[in-house]
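These are the structures, in structure tokens.
Two complexes, one shared chain (subunit A), two partners (subunit B, subunit C).
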Partner chain A sequence: MSYGRMHRKEDARFIRGRGNYTDDVRLPGMLYGAILRSPHAHARIVSIDTSAAEAHPKVKAVITGQTLAGLGLAWMPTLSQDTQAVLATDKVRFQGQEVAFAVAEDPYSARDALELIDVEYDPLDAVIDARKAMDPGAPVIRDDLEGRAGNHIFDWEAGDRARTDAIFEQAEVTVAQDMLYPRVHPAPLETCGAVADFDKVTGKLTVWCPTQAPHAHRTLYAMVAGLPEHKIRVISPDIGGGFGGKVGIYPGYVCAIVGSIVTGRPVKWMEDRSENLMSTAFARDYHMRGEIAATRDGKIQAIRVKVLADHGAFNGTAQPTKFPAGFFHVFSGSYDLEAAHCEVTGVYTNKAPGGVAYACSFRVTEAVYLVERMVDVLAAELNIDPAEVRMRNLLKPEQFPYLSPTGWEYDSGDYPKALRLAMDMAGYDKLRAEQADKRARGELMGIGISFFTEAVGAGPRKHMDILGLGMADGAELRVHPTGKAVLRVSCQTQGQGHETTFAQIVGQELGIPADDVEVVHGDTDQTPFGLGTYGSRSTPVSGAATAIVARKVRDRAKIVAAAMLEASPDDLEWADGKWSVVGDPSTGKSMAEIALAAHSNLELPEGVEGHLDAVTVYNPPNLTYPFGAYICVVDVDPGTGQVKVRRFVAVDDCGVRINPMIVEGQIHGGLADGVGMALMQVMAFDEDGNHLGASFMDYLLPTAIECPAWELGETVTPSPTHPIGAKGVGESATVGSPAAVVNAVVDALRPYGVRHADMPLTPANVWRVINGDPFRTDLAIP
Partner chain B sequence: MQVPAKFEYERADSVPHALQLLERYGPEARIVAGGHSLIPMMKLRLAQPEALIDINGLASELGRIAVEGDELAIGALVRHAELLDDVTATDLFPIFRDAERVIADPIVRHRGTVGGSLCQGDPSEDLSAVFAALRATAVIQGPGGTRTVPVRQFHQGPYETAVEPNELLIQLRVPITPGTGSAYEKVERRVGDWPVAAAGAVITVSDGVIAQAGIGLTAVGAEHFCAPEAEQHLIGRAPGEEVFAEAGRIAAEHCEPHSDQRGPADYKRHLAAELTRRALARANRNVPGSATV
Partner chain C sequence: MRITVTVNGQPYTREVEPRLLLVHFLRDELGLTGTHWGCDTSNCGVCTVQLDGVPVKSCTVLAVMADGREVTTVEGLERDGELDAVQKGFVECHGLQCGFCTPGMLLTARWLLDRNPDPDEGQIREAISGQLCRCTGYENIVRSIRWAADASHSQEARQ
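The block that comes next holds the complex of A and B.
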């Protein structure tokens, strides 16, 4: 059978340097674009003089907001029904914002041209601290929006406020904690970029760019620019990491397209590292206050949350349109509570737009962090072991499907089993004993637990759409006469190994080797429509479409096999990857034999067309709910504040594992991400809005040295709604791990009376927390 | 893609040739050694030299590590990785092993040079503290011949050194004193990061008391990367936890750290004390024949 460990089909080309990334695309006559960016966080543009740049002998065009305004393209819609400047016309609203685009014969001249563009700015006060964005008298960032007198974007709530408040009033114990999930960045190793090629003769526009959602891009280009959709082809070639940062359309893509239309030649634009960190989609930036109401013996009754969400200068979060806070309202976590309520307020600040990105399952990351930190705060208040508090509150297997207090229908799970397994693997009691010894000697050791439930695989389409496009995805499967197959899917891999996993699904369903299945993706002219890869939705949605389209092929094959065997289809059974007469395996016809027959002169029953090819669209009946139990062990040096992650145990339940090796790879990557966010990553800004994390010298990615040898475990609770019982896993570890690391560090610091510390837990931060004088991690360190 | 502005490029085939080229192109020319400080600045267009004079071909003249008399001579073009791998150097001065293991990452260490590190004059450079602790001497060659400058006078401010635009740093000479131990302690936010703060210590113990002490500090605003008042405190005292802690305290008092995203000033000052104390304790432990404290 085809499930199981197999090497990734895509690795051969990556390992040999034969991948084909956007920057590898070279077209005859291609020009190069570069973007001039704002040095200010907030300033009025007085004038832009491009004459010197235009006089540069190798410069072919200089495009400004004025040029775009003439085409009606100076502003573009965002994925959250706001608008965003493509090139600034009136004001710049964050440092690094796009101001002008130079197109030249080579990338060097394009960069040189930027130095020849003279922009006069009139600097304005910037709104940097989200907590001050709604102060009376705060500078109004979006004065372009009619009737906008302040920086407030939206208020949104979920759950039952009255019931929650009533429980809080009666509760034996309540705890509250303010916490910040700081602004971080997906920082994919491949930055964003595009090659745009507009053919004046055919009127066809081809755009290569590393998009996680090629079909959505095509449709949005058609809707916004008025280009006919069949004349737009978006090709998303190999992608060097997306993590949610490559879902939206960036101004640079539009500039490359306009550049190609204006010059009549292909235009390549690739941003550099700093541009990527400064201007593309950030993640998180949630200022949260959590509260728990509980009984004295640790039974959690209700959770209440208030969030101030920093959305930057344009509200550009990528999420199902109905949910301005993504799936944050899954914050009641893995626990059996009576009521929950959250209020989220979104504000503008003078920072880059973006929002939901970085492997967060539409803000499930923030939700899990909140609840898992809060449970530890409660455990500390009650002086009960955090594992015990969790055990007392986890949902029980018999409660599924479970309707959460904020309206989610959790599909399946055995939570206590996963936590027990993680505790056994970690040797939890021994660790606690070791910790007690160490504490007696003045050494700091911490044990942190995080239990998460994710909601992934959006739609269903009736609840979830992006700008009116329902979240359902197509698949097409062709079986060639010799039994080799080509699968075409709407999603696009950025490292998840789709070419392997989806081939394995087809192989499993059709009884053929995965190596006999080619997976085509990323090219809108070659694949069916669908919304793409993010929010861990590929396997839950496209993987389901793949299984279903393969089953359609198998059903057709049954009719052909029946004709071959001169039997009635009703007398056939699918066994060992073949159709055979019930009870007589010797009659079995393999898919290759059936495929050849389907293309031959075999007489087929009336109404059967021949060939085996099939298409489908999968509209998920529900999300899938992967979950897991993580335990992290840290040692902290009290003299320097340095944190060493000694061990990390991760038990994941993502339902049926198609390729366990790929699943483990996804988990390894996500755990490393989590360590990075917990210990070192943040995009902070000084009071003038200067970005203090705009290179890898300041925005730190974790390395092997910071990562312990991950200890992975698994339980398998198949999803009851997914055709093969799989759940998403791409984001699980990123969602679940930061809370485990922070809980471990806070646990280590308990001798100092510490209840909470904000990420990232850098040595300086930890030392200041120990000394009772923490600083704001999202601002310049004073 | 980050691309530098236009520049001329020349490859030197000897030290005199390099000096000629410096003369020819004038003060807007820059030496390029490992390029790991200069090239990133050029890509960000923070540096726009008109010409680069490449000295990477001069390994036979500038790439040696050797004991010469009672000094260890380290050529300016010695790569970080070569210093780390040189057992003579790291056995004589474990401080080199300690420091080089935590400078940047293996990729940078294979290109970056000792001379480039010192000439860059970054206020957070690790080797500046190491050589200050060791009281090394810099050998500089110019059109008029060679001259020597004590490393403790080499740095004249952030990114400013004693090397004139028409000169080349040739070598560093480290005095070898029997009975000496050394160590380096660094706090970084992540492996390969520049220091939040770091301290190096070199002590010579004779007759049970500290006869000579060198303390190097980086990233904490210590003048000339050293801590003379703390060194003074050590001289003549028997090595021990309390003495080291007091030296750390004194060293920290004389620093002027600035807050940045690596940490607030008070934390860096604390680290100056803490790391000085730790480095002294470890240096003392590796004084040949010392009893562990």
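The block that comes next holds the complex of A and C.
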């Protein structure tokens, strides 16, 4: 009833310029902070002189690591059980690291103050190439950590090593490929920032900041700063895009809070674009070696992977604590294998912390890229069409629920149907014929396929927590006497349209228009606890909580309706959005009628107190597993190496679609991400650790020119574990699309004998490949 | 320096630092926070406003350069309670998600349709190619602007 295409409720304010983003927050007496950052990737701090800055007439405070050390706040915990410097005390460990914080009466004066701070550095050798991080004699980055001699962080493995190795020894065919998923950055158009307001009289701290996880932030502030949790209010207002880059707590947030405590006035801090690109959470940076064992007719038997993971100077990856490589071990993908095994080693380098960000579903992105590239390498080795190799290996519908060789229980799917649909939409056979004609004429055209299985909606509490906080989400639903409802949820939209979609879920369950449901979110004083919006978890977890709390309200309404109808609740049925006596629709009571009665003096059964409001917590029994089949068609200019994405066909199955318009919009955005990562985006560094992509002049993002008109298709396989059969879709296209683009480019370059080329496939990189230069996989310099 | 800038038809006189950027003048001096700031380098275009009817990136224009000139921001698109066709188009075709690039996109779209009431897809893509959107993959922005063009035609036909 309420599902379907519906204009978004949130649009009314955004099209008028009346959104309320963090930088739009203005408080009386507000001061402005700015951060001084390190110009070096690795250096010892000899001295910091702030006297000239403090003498500036408009400067109210200058805070350094020493100031914070006095408060016990120089270091803070990360989401991966490491520590991170808030302001550096001993050394700087990446270019752009936070060194000092100046607070002034206006933002320009705060920037002026930074020019007046004199820091003396003693530069040290930097570790930039992750493959050299564990070399004997490599500079030790984290000499602050007791008992840590080198730059090694962790070793982790999943799957059955012995069984996998045994299959490889006997295999008819094996292929291997090294590949780098380069460091990229989600680059939401709104940078990070915060407004902190500490009220000395009440002891209450209010923080506005664009966080995807407001409740987690509040709890961490309580744990880190020792402030009582009920005296902390985190408000996440409108967010100008997050994509995973706004999950963690950044040093600037802590600085703004300390600034407010020190000055007694509200303090706003907003980073600029270079600060955003240089210091906030990057994504990927996985050096991978994949291997496949198969039969000669293309049946894949086993896959094994070794990964070297570059985590930067502080291990700040954001994922369920048990899984240091996130969900990378879902790398067996969409295929029916006998065995799989992966080993992941994490190391420190002199780069910014992060790693899990950018719509990656906790590294499912890297896993899908690995397996989908490897399947194409196998197809090339066997000279079988890549679509055919996939068809021979895809899981079959009757195999679900399917337990993967690394322990995932895929919930539902019809994979061959999705791939066939994508091939039909693309006109696959015709494209191959066209390609053959073009090759004969020396023209370069490529067709790339990617089939992905996502793992989203973290997650079951017994397996998943972040720093001990289980990943269940609350929801509260009030129904007012006139039948209008207010839903309160813990997740926080960054553009996904929760105010609309979640209202539609309530509307569907209660038989009321979605317009009659107000969704409250992004304010820890106003909403129940939950872990936030990332990993495509809003609909799988908070959406499920919403459906269940609405059903609780509906159950309460049943008792009231029974009293109204002077019938037994057992004799009522829910039909057409009303409670009515079984078989007699004319007795139907709408939610508005029931709500009014529930608040009236109507006599209710013993023990029923009235009203309809309900509260719930949803602990997901399993993840959900969206999937899809993507086909990309590219033309490559052999003279310049320029890649043009001509077509992109995307068939997605995310289970039940609540608002198909919003779902399609999410997919469009993710596809653009895939084109960007495959062709343009990379965060490169020189050997001294200078960031070579620290502005949008150098870190290139796709525009409307690089993006084709997306061609979308859908299949619907409901999730059996989710109360409304939905699976989540926010990250599917970002996860699935890069491999399709790269596979298409590599396919185009087949006449040159190319089997693999690393992202980003910029004109320069493609030109090198065409001209026989060994392709650089080390620094991924465009 | 003392400057007078006409913004959305209303003249404002203010004393400003010579280095003040137009985007900060609009946001901080006039409280018109619909114009956003995103990159410092004129690449992202979320700060796009019209200066004497031409889209400019207000992070790369000094406020003093707007002295004596007319600025239109997103707040000036709605007239007498009636949304501009481009605003309606973005709602109709889901041309926005997080909303951060939207004001700049709307002002460029309005400029395009003023110059070319019947743009094709390629012309629309070219017109917005100096602005970034991280959410929509541009598809629905293109459709939104095309919707506005069609809506304007049908309105003219009715008149």
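One rule holds in what follows: the second predicted complex is superposed on the first by the 775 of 782 C-alpha atoms of A that agree within 3 Å, B and C clash if a C-alpha of one lies under 4 Å from a C-alpha of the other, contacts with A are read in each partner's own complex, and residues count from 1 in each chain.
Note that a residue touches a chain if its C-beta (ideal position, glycine included) is under 8 Å from a C-beta of that chain, and two chains touch if they have at least 3 such contacts.
Here the structure is a predicted model, which means the values were calculated and not measured.
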State whether A:496 touches subunit B only (first), subunit C only (second), both chains, or neither. second
Which partner, subunit B or subunit C, touches the larger number of subunit A residues? C
Contacts of A:188 with subunit B and subunit C, given as first, second, both or neither: second
After lining up the shared chain so the two structures overlap, which partner does A:642 touch, if you call subunit B first and subunit C second: first, second, both or neither? first
Taking the superposition as given, does A:680 touch the first partner, subunit B, the second, subunit C, both, or neither? first
A:108 contacts which: subunit B (first), subunit C (second), both, neither? both
With both complexes superposed on chain A, which partner does A:764 reach: first (subunit B), second (subunit C), both or neither? first
Of the partners subunit B and subunit C, which touch A:705 in the superposed model: first, second, both, neither? both
In the superposed arrangement, which partner chain does A:273 touch: subunit B (first), subunit C (second), both, or neither? both
Would you check which partner chain A:697 touches, where first means subunit B only, second means subunit C only, and both and neither mean what they say? both
Overlap of the subunit B and subunit C footprints on subunit A, residue-wise? 23, 107-108, 272-274, 697, 703, 705
Seen from subunit B, its contact residues with subunit A in the complex are 1-3, 5-6, 44-45, 105, 187, 189-194, 196, 259-264, 267, 270-271, 274-275, 278
Subunit A to subunit B touching residues, read off their complex: 23, 107-108, 111-112, 115, 270, 272-274, 639-642, 679-680, 684, 692-693, 697-698, 700, 702-703, 705-706, 762-764, 767-768, 775, 780-782
In their shared complex, at which residues does subunit C touch subunit A? 17, 19-20, 24, 27, 31-41, 43-44, 46, 73-75, 77-78, 83, 87, 90-92, 94, 96-103, 106, 121, 124-126, 128-142
Quick check on the complex: what are the subunit A residues that touch subunit C? 7-8, 10-19, 21, 23-24, 26, 107-108, 186-191, 238-241, 243, 272-274, 494-497, 661-662, 664-666, 668-673, 695-697, 701, 703-705, 707, 709-710
